[in-house]
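So, here come the structures, one by one.
In the two complexes below, chain A is the common chain; its partner is chain B in one and chain C in the other.
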Partner chain A sequence: MAKVFIYPATSLILSDLVARFGHKPLGAALGIRERIQTAGVDSPPLQITPEEPKRGLKYAAVEVPSGVRGRMAIYGPLLEEAEAAVIVTDADLAFGCMGCARTDELILFTLRQSGIPILELKYPTNEEEGVQFVAAVRKFLAGLEKEGEA
Partner chain B sequence: MSRKVRIAQLSCGPEYSGVQKEIYEAAESVDAEVFFPDIALADVERAVDAFGLDVRSADLKLMIARGKALVEGKVDADGVFIGTCFRCAEAAIVRNELRRYIHEHSRLPVVSYSFTERTTSGTLLTRMEALTTIARRRALLAREEQTGITMGVDSGSSTTKAVVMKDNEIVGTGWHPTTEVIKSAESAVADALEMAGLTREDIQAIGTTGYGRFLIGKHLGADLIQEELTVNSKGAVYLAGHQRGASTVIDIGGMDNKAISVLDGIPGTFTMGGICAGASGRFLEMTAKRLGVDITELGPLAMKGMGKNVPMNSYCIVFGTQSLVNALAAGSSREDVAAAACHSVAEQVFEQQLQEIDIKEPVIMVGGTSLIEGLVYAMGQLLQTEIVVPPHSQYIGAVGSALLASGFIKGE
Partner chain C sequence: MAEYIPDYVGTVTKYVFVESPSMTPGELALRAYEASEGVLIKETCFGLQVTGEPESVDRLIEVIRAFDPSHIFVKDRGFPPGDPRRCRANLGGARPGYLGHEREFRILRYITRGLEELDRRGEEAEVPEPTPPAREKKPKLDIKRLQKLIETEES
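Moving on to the complex of A and B:
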């Protein structure tokens, strides 16, 4: 089983696909769950405090907007943990949108720089592309298993 | 108990910057509630297409769709708070265009703000208070004449001003530097009463504004304690004799600046606070001190100088002062340095704040800095318009308070 970062990180479908094929999806749900379950932190709605943008300095400089740094405090540790990634580009909002385009750019850059196996797919626009999309994800994830076994 | 004022939040990033809690707190403290307009997913792309601004960020798309829903009347709100991360260029474009769009297509008061993770509820309080005042007190803000005998006290960061008004006339004024807040207010009040030939017992209603409004208001038993955005707008159009129609009010204060787009005496959109002290009255105070003149002499001195002769284009009070010292050391005249300082402040207000509101004539400058004619001249040059400085412009907050307080005279 590999830890697979999914992009968009908020995509439940992608998260489910990765889990179905036997791997651990690293997405927004995981990062945010940790914050909303942490006792004693009370900043709604994500339990994020002004400390998070400071922690985000590890991933982006102080010139970068606070919202980007706050988001990177959530996604950064997941990126560090990731052993593989599935990236879906041009995704529809309903597929799982990410709030900030600048954070998205930084996440994708970090993933591409990391050297981990990455599958990049374009968001499917019809049924045929949808079938090919799922097949490609399945094949990629199955390959990870082999690597893990080896 | 009155209904809570509903403020629609259009934003990108405050949850992740850790300042959402501060926004809620600021709203709560003025008995308002912040809510996110509820829209369907399908509306988002449609709204973004119709708006015509092709942004990448999903949260900015959501902001646009929510703004459109407000304008189209699909969601009810009493005011709009637009907030995005400071330093995000894409968000700055959306914030500005959305504010303009809502202002032009609805009657909703709008305030926009770019936040950092260090933004506190205290910083947002005055803005939220102004939004709720406009929603809750339209009838009061419609007041065009002062009646009876009322007093207004403006406890600002630099100076405390008091004004006594009687039957629509200013009959007494007082002006003291703000040191100890209550003591300074007492002194200003005593001077104003003495000049008016009246006693505290003669005053039928009191209004307070400015940073020390709550403390002073409690101390004096004020009938009206009101933030300076609405009070200054009202005071400005009243003193300028332009209570109807559109106008723009600029108040460069000791600690922050206000730029307000006013319609019929009611603020429509406004910005408050610059990025730095280099764009404030404090910088002019420092300049006067360094030049060895009283602040009242800085304006006439600047009018004799040529600002272009001195390089001074700093976004920071420290570097601004450095430019000033360097210029003097290099042999520049005091007149030229004074003119350059005035131009620098005007330019920064123009670049940082006036871009965020729609400039509509007449442009009325108020507050203590409006007496610095070099600053008024520089602003007029930048805006390419004649700036109106009404009589008693330095007492603007106190006059606005005294005017509005007359709505609280018993029996009215």
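Moving on to the complex of A and C:
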């Protein structure tokens, strides 16, 4: 079982397919859950503390806005953990404020630089593309199993 | 800043989405309750949220999926159910993340079709792969159109 980073990190479809085909999806929920379940000092509305931008320094330079570094404190450890990635490139749900947009760019850049196996796709727009989409994900994930065995 | 004492420590929460012609979220909830064994289940308009010990949740998800494998989809959730930072009862509108779910829910039928078709064709069947998306440059905004937009905005 490989740890597969999914982008968009909140994607239901990718999360489900990766888990369905026997791997562990790494998405935003895992990072958020870790913070939600850690006791500490409250910083509404999220359990993001002033410490997060400092932790984010590991993944982005100090000149990078703290909003990006704060987000990278969540995604960075997941990216380090990832053994493969599935990316949907035209995901129109992966939008947000400038902090989210720049973090998304940094996530994609980091993934492409990391050298792990990556599958890039577009969301299906009809049934035939749906078959191809699922087939491509299944084939990619099956290939990971073989790599792990070798 | 107040001290933060988290609820449901050590548990996992998962969303279960059902997009099926033969099963409603209410029916799925009833059947899930029968197999829950201590897992907290919350019925929603799209399916369920289940919260509990990781092993119990995994076991329940396995049982739930078996009801309608190609029409039931599962993903992790960071927040526990009813968390005031995410619960729409406190926010007065759609909860953050709702729009993403709505967008993906519309294309779940294509994924269902893919799962059913691959199931029918079997493991070895050849399926043409989608061509990898080319990273095309988006056409630049025409200067005349920009000028027009600015003028429209100003008037």
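As a working rule, the second predicted complex is superposed on the first by the 141 of 150 C-alpha atoms of A that agree within 3 Å, B and C clash if a C-alpha of one lies under 4 Å from a C-alpha of the other, contacts with A are read in each partner's own complex, and residues count from 1 in each chain.
Here, contacts are C-beta pairs under 8 Å (C-beta built on N, C-alpha and C of every residue); 3 or more make two chains touch, one makes a residue touch a chain.
This one's a predicted model, so the numbers in the text were calculated from it and none came from an experiment.
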Which superposed partner A:Pro77 touches (first chain B, second chain C, both, neither): neither
Applying the touch criterion given at the start, work out whether A:Pro65 contacts chain B, chain C, both or neither, answering first, second, both or neither. first
Contacts for A:Glu120 in the overlay, against chain B (first) and chain C (second): which applies, first, second, both or neither? second
Between chain B (first) and chain C (second), which, if any, makes contact with A:Glu52: first, second, both or neither? first
Does the superposition put A:Cys97 against chain B (first), chain C (second), both, or neither? first
Looking at chain A, which partner touches more of its residues: chain C or chain B? C
Mind working out whether A:Gly143 is in touch with chain B, chain C, both or neither, as first, second, both or neither? neither
Mind working out whether A:Ala29 is in touch with chain B, chain C, both or neither, as first, second, both or neither? second
Do chain B and chain C touch any of the same residues on chain A, and if so, which? 42-46, 93
Touching residues of chain A toward chain C in the complex: what are they? 8, 10-13, 15-17, 19, 25, 27-33, 35-47, 89-90, 92-93, 120-127, 129-136, 138-139
Quick one: which bits of chain B touch chain A in the complex? Just the residue numbers, please. 12-21, 24, 41, 44-45, 55-61, 84-88, 90-91, 115-118
If you look only at chain C, which of its residues touch chain A in the complex? 1-6, 8-13, 15, 17, 73-80, 83, 85, 97, 99-101, 103-105, 107-115, 117-118, 127-130, 132-133, 135
Taking the touch rule as given, give the residues of chain A at its contact with chain B in the complex, in rising order. 42-46, 48-54, 63-71, 74, 93-94, 97-102, 104
